[in-house]
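Which chain is which? They are A, B, C and D, in the order written, and residues in each are numbered from 1.
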Amino acid sequence: MALTDFCMASRRFRLGMVGGGQGAFFGAVHRRAAAMTHRFEFVAGALSSDPTRALESADALYLGRDRSYTDFAAMAAAEAGRDDGIDLVAVVTPNHIHAPASLAFLASGISVMCDKPLTATLPEALEVEQAAKAGTALFGVSYTNAGFDMVREARAVVESGAIGEIRLVRVEFPQEWLASATEAEGNKQAEWRTDPKRSGAGSLGDIGTHAFHLAEFISGLQCVMVSAEVDSFVPGRQVDDNVSVQLRFENGAKGSLWASQVAIGKTNGLRIEIYGDKASLGWGVADANVLHFCPLGGQRIIIDRASHGTVVKGHMPPGHPQGFVEALSQLYADMADQLEARLTGVAAPSKSLLLPGIDAGVRGMRFIDATLRSGSAEGRWITL
Amino acid sequence: MALTDFCMASRRFRLGMVGGGQGAFFGAVHRRAAAMTHRFEFVAGALSSDPTRALESADALYLGRDRSYTDFAAMAAAEAGRDDGIDLVAVVTPNHIHAPASLAFLASGISVMCDKPLTATLPEALEVEQAAKAGTALFGVSYTNAGFDMVREARAVVESGAIGEIRLVRVEFPQEWLASATEAEGNKQAEWRTDPKRSGAGSLGDIGTHAFHLAEFISGLQCVMVSAEVDSFVPGRQVDDNVSVQLRFENGAKGSLWASQVAIGKTNGLRIEIYGDKASLGWGVADANVLHFCPLGGQRIIIDRASHGTVVKGHMPPGHPQGFVEALSQLYADMADQLEARLTGVAAPSKSLLLPGIDAGVRGMRFIDATLRSGSAEGRWITL
Amino acid sequence: MALTDFCMASRRFRLGMVGGGQGAFFGAVHRRAAAMTHRFEFVAGALSSDPTRALESADALYLGRDRSYTDFAAMAAAEAGRDDGIDLVAVVTPNHIHAPASLAFLASGISVMCDKPLTATLPEALEVEQAAKAGTALFGVSYTNAGFDMVREARAVVESGAIGEIRLVRVEFPQEWLASATEAEGNKQAEWRTDPKRSGAGSLGDIGTHAFHLAEFISGLQCVMVSAEVDSFVPGRQVDDNVSVQLRFENGAKGSLWASQVAIGKTNGLRIEIYGDKASLGWGVADANVLHFCPLGGQRIIIDRASHGTVVKGHMPPGHPQGFVEALSQLYADMADQLEARLTGVAAPSKSLLLPGIDAGVRGMRFIDATLRSGSAEGRWITL
Amino acid sequence: MALTDFCMASRRFRLGMVGGGQGAFFGAVHRRAAAMTHRFEFVAGALSSDPTRALESADALYLGRDRSYTDFAAMAAAEAGRDDGIDLVAVVTPNHIHAPASLAFLASGISVMCDKPLTATLPEALEVEQAAKAGTALFGVSYTNAGFDMVREARAVVESGAIGEIRLVRVEFPQEWLASATEAEGNKQAEWRTDPKRSGAGSLGDIGTHAFHLAEFISGLQCVMVSAEVDSFVPGRQVDDNVSVQLRFENGAKGSLWASQVAIGKTNGLRIEIYGDKASLGWGVADANVLHFCPLGGQRIIIDRASHGTVVKGHMPPGHPQGFVEALSQLYADMADQLEARLTGVAAPSKSLLLPGIDAGVRGMRFIDATLRSGSAEGRWITL
């Protein structure tokens, strides 16, 4: 039970946010996640494009009136000019704002933690990529699942060679919340997610990218081609709500990815299984604190988070469950480590480099693009 | 707890067997399954093509010397000529013998319970189909999973309309036992199953047909097209050991099927999930005594075999697990019901018609054929 | 996958039955279990004390009219006098008939497979014990759970020393079927089980004895003292429907046993956990095909039936579930092995000695007796 | 998906801490939990009784030098005298410090969040109770599990009458971490927990009190008597490491409680089941995001956190797991609500009253005391 404590280390940074005002969902999760690292102070925001809502939200969150903005461009400019300006901005808007907001802050030299998918379209993503790689600001993408201890343990198991040469990567992310026309019933989250102008894609962007990132993150392999069935089952829906994709990986491994928002009975069923020639492993968010492992010719093993022999050192003893906010807080802790490294010139701890960055963001957009194209072409194999 | 008792009913029939001698696996399961119905006496067999083994096996199983044959053709002729000849023969040989043996007994007017896949090739299957439909002998195919109470319950739930219009059918059957070159290590079961001359196909025939039958049996839908990835991961293997198939159904539903014999950690992981627009259901052989059900906007429900409100009446109270042999015995009980109905002219109980017959056998072969063709053509969609 | 085949061996024996006619539950399970061993022919019965029902039941089960009796005493006498008389009788009546029926057959030199609890009262049990030990007839008690492969595997794990010195034995058997006054609603099974004259005890006899036997069978330890709470929650019920017992074992280990028939949501929740100073193990009937094992300082392991390294060799490959009837058939196979050994003078296979015998039957009655006495004395510790 | 957002509300309070310096475990969890509510600023601490460690810890946590103390008495006095003094102190020391520290802050009018068990001895607990009830400072006890959404949902289900009259309350809390003599191997957490002078009791105080609180919290019933087996299995250990307790409740319900720190394979297995005459429910920390519910004559239902029809409104959509830190943060949010209510004179939201208070703390100490006395008297029933 050697526990690490990311509360006791290093210096603190100033955090701003674009989006995440009243009525939003994920902004509050980001604020809680950042707060629990003890390494970020939340000091500025363009919390809503509606001025009244923006101000009310800012007040409720104790922002100074001078740090509440209604416009991300103004915020980027103003914060860049302050001595006590923000070090990092969280971009937690609908997808179509990701690119312009990210570009504005990158141009001001302010580091960005952007929600996934990176952007609404692939061209936008490439533009952000260019900006991110040109400057010195850091760029993170909040693929939250990459923050779970046992996802990182899974990656470490693969890296160790324990499962051998990978043959199969199977990942699925079924949800039920759009099984009927929720977007027509006043659900704000559903509205923008099913509006192609704001989201870019449906289940594919909202959760398919999570699944795709997890597959590449744990396996360490790049997917090179996809063949897809892309469907929209709910009458009148303008985006995909179910995608089933065959995957081919660089080493010859095969795979499959299923993302669905019409899977009644599944609240949030992200799950992955990887089969090698020496062993297999499995992980799912519904039982996020364990990793399933089975060697060839052996028995099935359930590895508890932080238990005997695990390489990822968590913040609590085994059996004390790590939740979703805690997973996201890991990404903020990684970002703080990287911010500090840049400041001090001392190399960041290697584990902080597990924070998904701009490359992972662009990979997700290439996956969306290729899948949609394959789906429109009777499942023709498309190269990413 | 209103239990049915298939031990108390009807008359008994005489059973013979082709294959299933010493060293075989599934023949003994068939014998046990038939015995526990109390409606079949095992009296004759061509248990092995090796005369010594055939005779030793017959002795060990209390067959009369005059009822032990080394040749299925001789057996069919002799049994057809006896007053106390067999009513039913179980064909439990390697796949390439299924067709000639079935044809011999059908030609003699003897009913057949044939192991799956129906044959080694589609043309053989069509020949058996013609013979079966031409005569009055009955024909069953031992898709064992169709005998589990909760599989039949699942089918009844779909038929009741409770899940609404089906959108998705997802089925998988992973196994681990061929994850390395088991066939090179003297495993007799592995040898013939990986020999294309004797098996016709690998994982596709051995377990893919089980998965495919289950999908059509529970959903009540016919699959009309497939697009497939067909792989052989173990070096030197001459048949497929992993197949991943996209499915399209007659009503516009989509689906996927995965069969693998290289999935380390999975002993026998058959599992199906069906999603409609009103509810979903799920079942798997590893937890065969429960059915998962979830209505739209409701909670997940675990339905125990034989519990409150189930429509399938089992032979034991809820919580007393039904095993694999018991599932197969249900198919023999169904066959006995049908044999008796033919004899008496009284209609067989409708539930006995759930016994998979020649049509289900041929469907399986069409699935194998289409999948292999798609796999050879970069996943082109092939119509069954 | 080295499978044994208890179908191919040895000679067959003749089986009779007392009880188990139309409307009974467990008699049919016994007949199926015996039949699937291929080593018993069911030829005689006193299936009901109601003459009409007895005859109808016998006809439906193909018994000869001369082998159908309405009286177990007459049956014992007649069968003992026939050259083709039965070798074994299954006693599957309400508990109060166990002793007189067993005594009649033992007196006639006919071996007995008696359902549990051994008798309705401890004095009866001691009388049967004396008779069983005086003669040469064999005596088995159908503690069915002792027939599950993974229960035997668990016992073997303990015997191997892998869990070290046992510290704790925790066993529970909750059921829901008597959570309301089922006995007042015409349920025949409930009626006699809640009638103290016919059952002797309630949940304690019906399922508590199963739990107690499992604890001693797997642990290899004898329980020496009990302290109990004995309750009857359903108004008007004349027997216990919930017992919670503290256990002390001969080696200083402690334990607990819970049996309940008012546990809504539990169909048949027998489960045991044993903790040693080196490892722990767990097994439950709801997931009967796996054994949970965890070494000190290690990870949790799920051992599949018949998988790599298991010592109990089953009749099917791993992943093909073993059901309740198959578990009971194991006890009949054991009995057949012992009958054959007695006949041939060759020692029975050691595994056949796992069949629970008269000692296990008497232990169960001592447990009932001591628990009821402690329950009446504010939980005073009572020595078995 | 109507989510509440405890980030957007109310005013902030100042938090101090006693204990929780470098090398401690639970202090950091408290700090993260408080931080993620956005309603507490951590500004002062007596983090260690070792002056160097206290100062280093304070620096690492950004406390001002003037707010770092080595002595809780000095801290209470100083903070009470400041305009910007703390509103709340978290007491997260070994148990024997709980009473003197709590008393010091209560005497200064500063509210307290005290870790469980309330104190090391019952007399100390009564002294703290008297002080807490005499003043206006608030008092919370961090029974963390009471902060899980599904624990509160369970309590609401009981309150609704859905399970009817409670018959049985069964709770267990097995852990493995003291299965060998960990305290002799330099584990600081193990050292003080197995030192009777610092802990008061072993597994009983450390986790038994959690289990006991959960039983009373969800059932709404008070336990009136206990009969216990209290054991210490590890040679040389000076406190109990395994307790098995029979419980009697005020309404006649019966129960059992098992707490163990020698249960190999159980990292943190708190689990409770409650059986009424209309339904049952179950919850466990290993699967903290679901509640099991089963009505009489119905099917087993798995209720997901925040899903359709649940009464507890969480902070995230269903399927996004709530972790241990989030559960504790709920208690801090409750405390903030109560602090604000006291300040404003507006009644606190009723849900904030679920925060366990001084009464729950004292109940836990009465339970420890009665259990130890019963354990020393051969399980004699002791009234709490």
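Everything that follows uses one rule, which is that contacts are C-beta pairs under 8 Å (C-beta built on N, C-alpha and C of every residue); 3 or more make two chains touch, one makes a residue touch a chain.
Every value quoted in this text rests on a predicted model; they were computed, and no experiment measured them.
Against reference pair A-C, the listed pairs B-D, B-C or A-B yield one interface repeat, B-D (criterion: more than half of contact pairs the same by residue number). More C-beta pairs touch across one of A-D and C-D than the other; that pair is A-D. Chain geometry summary: the mean Cα position of chain C and that of chain D are 44 Å apart. If you average the Cα atoms of chain B and of chain D, the two centres end up 55 Å apart. In terms of their C-alpha centroids, the spacing between chain A and chain D amounts to 33 Å. Within chain B, the positions touching two or more other chains are listed as 266, 300, 304, 307.
Listed in rising order, the residues of chain A touching chain C in the complex are 297-304, 307-309. Of all the residues in chain A, the ones that touch chain D in their complex are 1, 3, 5, 7-9, 12, 22, 25, 28-29, 31-33, 35-36, 38, 42, 57, 60-62, 175, 177, 187, 189, 266-269, 285-289, 304, 307, 315-326, 329. Only residues 167-168, 170, 176, 179-180, 227, 229, 231, 233, 242, 244, 246, 254, 256, 258, 260, 262-266, 275-280, 282, 292-296, 300, 378-379, 381 of chain A touch chain B when the two sit together in their complex.
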